[in-house]
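What follows is a set of structures to go through.
Both of the next two complexes hold subunit A, though its partner changes from subunit B to subunit C.
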Partner chain A sequence: MSFKRLIAPIASLVGGALLVIIAFLGIYAWPAVKFNGLGFVTKDNWNLGSLYGNPIMRHGQLILPGAAYGILFLIVGTLLSTLIAVLLAVPLGVGSAIFLADGVPPALRTWLSFFVEMLAAVPSVVFGLWGYAAVIPLLNHTMFPWMAKHLAFIPFFAGATGSGYGLLTSGFVLTLMIVPLITATMRDALVNQPRGLREAALALGATRFETMWSVILPSTRRVLIASGILATGRALGETMAVLMVGGGALNYLPQNIYAPITTMAAFIVSQLDSAMEDPTGMAVRSLAEVALVLCVISVIVNGAARLLLYFSGYERMGGGGWA
Partner chain B sequence: MIFGRNSVEKKHNRSYRKGVVLVLALAVAGAATAFAASQINLLETGSSLLYPLFNLWVPAFTKAHPNIRIVTNSTGSGTGISQSVAGIAQIGASDAYLSDAMTRMHPTMLSIPLAISSQMVNYNIPGLNNKHLKLNGPVLAGIYMGKITMWNDPQIAKINPGVKLPDHKIIPIHRTDGSGDTFIFSQYLSFSTPAWNNSVSFGTSISWPPVQGGLGAVGNPGMVTALTGSKYSIAYIGVSFERAIMKDGMGIAMLGNRAGNFVMLTPHTVSSAAAQMVPKTPKDERVSLIYAPGADSYPIINYEYAIVSKQQPSAQTAAALRTLFTWAISGNGGNAPHYMEAVHFAPLPPSVVRLSEAQINQIQ
Partner chain C sequence: MGVSAAEVRAKINEPSVFRSVQRRLFNYAGWGLCALTFLMLGGAMVWILEMVFVRGAGAINWSVLSTVTLGVGGGLLNAIEGTLVLALGGLILSVPPGIAAGIYLSEYEGGWLAPLLRFMSDVLVGVPSIVVGYFGYVTMVVGLGWQFSTAAGSIALAIISVPYITRTSEVAFRGVPRTLREAGFGLGCTPGTVIMRICMPMAMPSILTGVLLALAISVGETAPLIYTAGWSTYMWTGHLTQEPIGYLTYAIWSFITQPFATAHQLAYAAALLVTLFVLIISVIARIVTYRRSGWGQHA
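Take a look at the complex of A and B:
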């Protein structure tokens, strides 16, 4: 048997697993999809119903009295915390990548890069615990009150700063988790750019900054987008860290950037055991529907980023610039 | 390999050595597990309110019964119920009994009381934490429904004459995990406040009305952390965490009871409430002790349950469970005063011990 034949089933097994998981989720969640309808993604109303009441029939489904499921607040929490993280992480990641590629003496570079890469290897629960124990008190007592006072002119930065658990804290912790992903890939890309590019720019009289900003960096645009996809994917699905610092908001949208939130992934973990107490099983099926929505959102975000990647490549061949 | 000098040979060598170390570590762990398998392993999971007591019980019990190994885990009553029903844990610790619907679906599951517990309502108001604010069901329901949002609300002021209440927003904290504390707290609100009963009702997980700035926390330890970390917050916390509350200097509220009196949580008010409610305990012992009548009765007391299946996979496991529970509810064993006092629980009255024993003997 040829190597190709041998390897083909193994490779398709990996792809097949994804399809099987999504198919399973879809089938399992189907009664919930039917019961919840479109309101599932447009309403802020997650209610298991009366756990100690007697199940009733509604729309041909056995449910607990009062049960209703709407997860708009989870979708908003997930997207906003990811957005904050990516907005903060991209400049930070690119900046540190430039520094590591160009601004540090080579002897130090390997060590510093090593530390950045180790940061990517830290389990998320460690970030969560650190956020819980160290970051939240600091933010709560010092930084948030200061921000609410001095940055109040920015929309959503004014108002009650709450308790330190919330959207911005989640964003900060997520940022720290995804920065090393961006830094590591960008540093490799920057270092591996053809030497000729740099030499040509320098020969033309460009400064070091100009060389980096106008020549080297634009040529790594595709890598930036790709590492952005990776980082976004990780932030969307991050569970433990957000669970620990998000504040566990239920059924309401954040009013400002300090307000408590929950994300879909964190919600599935925190609510699974409660949902299993629903004797009708509708709660667990609705959680499966949450997972399904999370999958769909991840696919959409990934697809959009890939489209961006495609166009950026096209543009580059046509001679498009950085900006 | 991380530091750049990567001769291919060295890389292989090193990862090979790493592999050997990993395999050895796994082998050691595996051998340890296999060795332990010659004992009877019991997994207890659930209520964070019962957890401190179980941790006092287990060393004493396993010292006398070295062939029984008990792992305890504080995960919340919701997890205790669902994992014991699923057969993952042998003992589901819960502050809540199984619902009628769950009992019908899982007829082999028993709810066995092990002790009587109670719950504090705690607050973090600088300057008032040593004052024992008075709160009752309707006011607490108003706070958790977002209708009472300020500490100096007239409804709070009315029942606290002479107390200078701060003009500050209230941060209500609730449990996000399935929790027996949520169960008994929401029962207190349901039994005392029709508006709460009609809209939210009670359960281990309830649909908390949205309150801007309100917080969710996991487990009683999470509630303590959130409370001490957030000024002007309010929380409901199991009595076994009273020491943590006192140490952090948080406030303990006096609660309004069915007779309309405000009572502190003391052994006397708990036993007064128990005296009223315990005679109503049915054979399967699934009963609420919340909002007892009587002038001195503390309104939030409850049985701490072990949720157990009466059909165990092996006779040895069943015997171990019977031995453990029989010891736990005995006045010379787990219900002895020094255990109860350590966590501020009350022992089971003799009539309930008899009912629990009858249930324990069904475990086969």
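Take a look at the complex of A and C:
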């Protein structure tokens, strides 16, 4: 037997893991998919039903009386917190990448990049702890009241600032978690653009920043888009930090930017304990459907980013190795 | 009304103070804003490290490291042991397929399997860790009846870390010079011998870097373990199934929201241990990478 034949099955375990995850979540969630139908993603109603009632048959499934599962509020919470994070992370990531690529001497660049990219190595639960214990008190007492007072003209910035747990706080913490990915990838791409581009622009009399901004940066457009999509994927699935600073809203759509939210990932952690109380198992299966939806979204988002990177010739993500 | 070429040329060549000032301002403002974004990120990193180290240093002492958790007080010995057991278990399961996939992607690029595997491995990196955790709950904890257990937690961690090992192994094998392989084949070696006896030793330091990164990720993960490993305040008795096991990140997440000072102390101590461990591993991995690829370059 050839060596290739020998290692192919072992190597295939890596890809197999992805298929097995999707397949088993799909099989397990199937009764819930049939029971919930399309209302699962269009209704704001996650209700386990009467836990002390006798299970009843509905749509051919055994459920608790009054049980209904609609996760629109989770989808909204996930998308909005991710949107805030990406809107903040892209300028931060590009700015710091430009600074690291051309604003510091190469010897210093190595260490400054390393320091900032260490943000990617900090475990998400430590981000959560930092948000919970250090950021929320500051936001709650100082920054949110100030914003609600002085930035009230911006839509969704006015109104009650709540407790500090919520959409904007989640967005801030998520920003810091995804920005190293953009910084590392963009810095690599900027540094590795052909020297000729820079020399041509400088020879035409452009300043160094004009060279960077108008010549080098546009030539890395595809890498920027791809790293932005990858960062989006990471923010969509982030669990622990959002769980600790999101505020845990249930069946509630945020009315302003300070309002509490839950994301799909955080909801799975926070609700499994109570879902296990459902003797019919429909609640646990509906949570599996949440996981399935989240998984499919991440696969689509990450697949799109990877294909874009493959076709842009920037095949392997560089940077800190955490990408 | 006609405009002569000479007039246009004169207009272009006319020194414009305004334009020059404008460009200079754009230059300075641009660099200033870029430096500001960098300072914001650096400042956040300093703030996080400051919180973890200052509060953690106040919370950690020998009894935290040497006794087990009692309710919401006591120590973290059970969690430290559990974190190491789960992470090592994850590595034992993820290193062989990860390296095999790395070899396959690097050495057998032609054909349909390699591009497909690479794509799936890259997509697997992006699957949220809680999805892997829930998958473990559905299949192993409930489906196979293992209950919250070391085996379920380790397998979940292995799925999380295997794409990282795959990627670093592929890069490591690609870094082995072609001439070495040709020399091996010239001496009559089989592909297996060339890969395992010639390329593998050359690639080993880089592969180890990937394994270290996978270890750091395993130690820092929480979401895949909550519903696979569970939580236990006892020391591990060696059972792979039917017995939950503690881990440090659970202590951070769960104890910080308890209304007890002792619980907060444990959470900060656990955060210090986890962060310190992850940072040290990252620094070692980065130094190894630079040693091999030359300072100032990236692997």
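The definition used in the following text is that the second predicted complex is superposed on the first by the 286 of 323 C-alpha atoms of A that agree within 3 Å, B and C clash if a C-alpha of one lies under 4 Å from a C-alpha of the other, contacts with A are read in each partner's own complex, and residues count from 1 in each chain.
Throughout what follows, a residue touches a chain if its C-beta (ideal position, glycine included) is under 8 Å from a C-beta of that chain, and two chains touch if they have at least 3 such contacts.
Values in this document were obtained by computation on a predicted structure and should not be read as measured data.
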Is A:Met177 touching the first partner subunit B, the second partner subunit C, both, or neither of them? neither
Taking the superposition as given, does A:Ile216 touch the first partner, subunit B, the second, subunit C, both, or neither? neither
In the superposed arrangement, does A:Gly128 touch subunit B (first), subunit C (second), both or neither? second
State whether A:Ala231 touches subunit B only (first), subunit C only (second), both chains, or neither. neither
So, A:Thr110: does it touch subunit B (first), subunit C (second), both, or neither? both
Between subunit B and subunit C, whom does A:Met186 touch in the aligned arrangement: first, second, both, or neither? neither
Residues of subunit A touched by subunit B versus by subunit C: which partner has the larger set? C
Let me test your reading of the model: by the given contact rule, A:Met147 touches which partner, first (subunit B), second (subunit C), both or neither? neither
Contact residues of subunit A, present in both the subunit B and the subunit C interface: 110, 114, 132, 243
Using the touch definition up top, name the residues of subunit C that touch subunit A in the complex. 23-24, 26-27, 30-31, 33-38, 40-42, 44-45, 47-48, 51-52, 55, 96-98, 100-101, 103-105, 107-108, 113, 116-117, 119-135, 137-139, 143, 159, 162-163, 166-168, 171, 190-192, 195, 209-210, 213, 216, 219-223, 226-227, 249, 252-253, 256-257, 267-268, 271, 274-275, 278-279, 282, 285-286, 289-290, 295-296, 298-299
Parts of subunit A lying in touch with subunit C, wherever the complex brings them together: 2-4, 6-8, 10-15, 17-21, 24-25, 28, 91-96, 98-100, 103, 106-107, 109-110, 112, 114-116, 118-119, 121-130, 132-134, 176, 179-180, 183, 188, 207-210, 212-213, 230, 233-234, 236-240, 243-244, 265, 268-269, 272, 287-288, 291, 294-295, 298-299, 301-303, 305-307, 316, 318-323
Applying the document's contact rule, which stretches of subunit A touch subunit B when the two form their complex? 44-55, 64, 66, 110-111, 114, 117, 132, 136-137, 140, 160, 162-165, 243, 247-252, 255, 259-260, 262, 270-271, 273-277, 279-280
Subunit B to subunit A touching residues, read off their complex: 2-4, 75-76, 78-79, 81-83, 85-86, 99-102, 104-105, 169, 171, 176-178, 201-218, 225-226, 229-230, 233
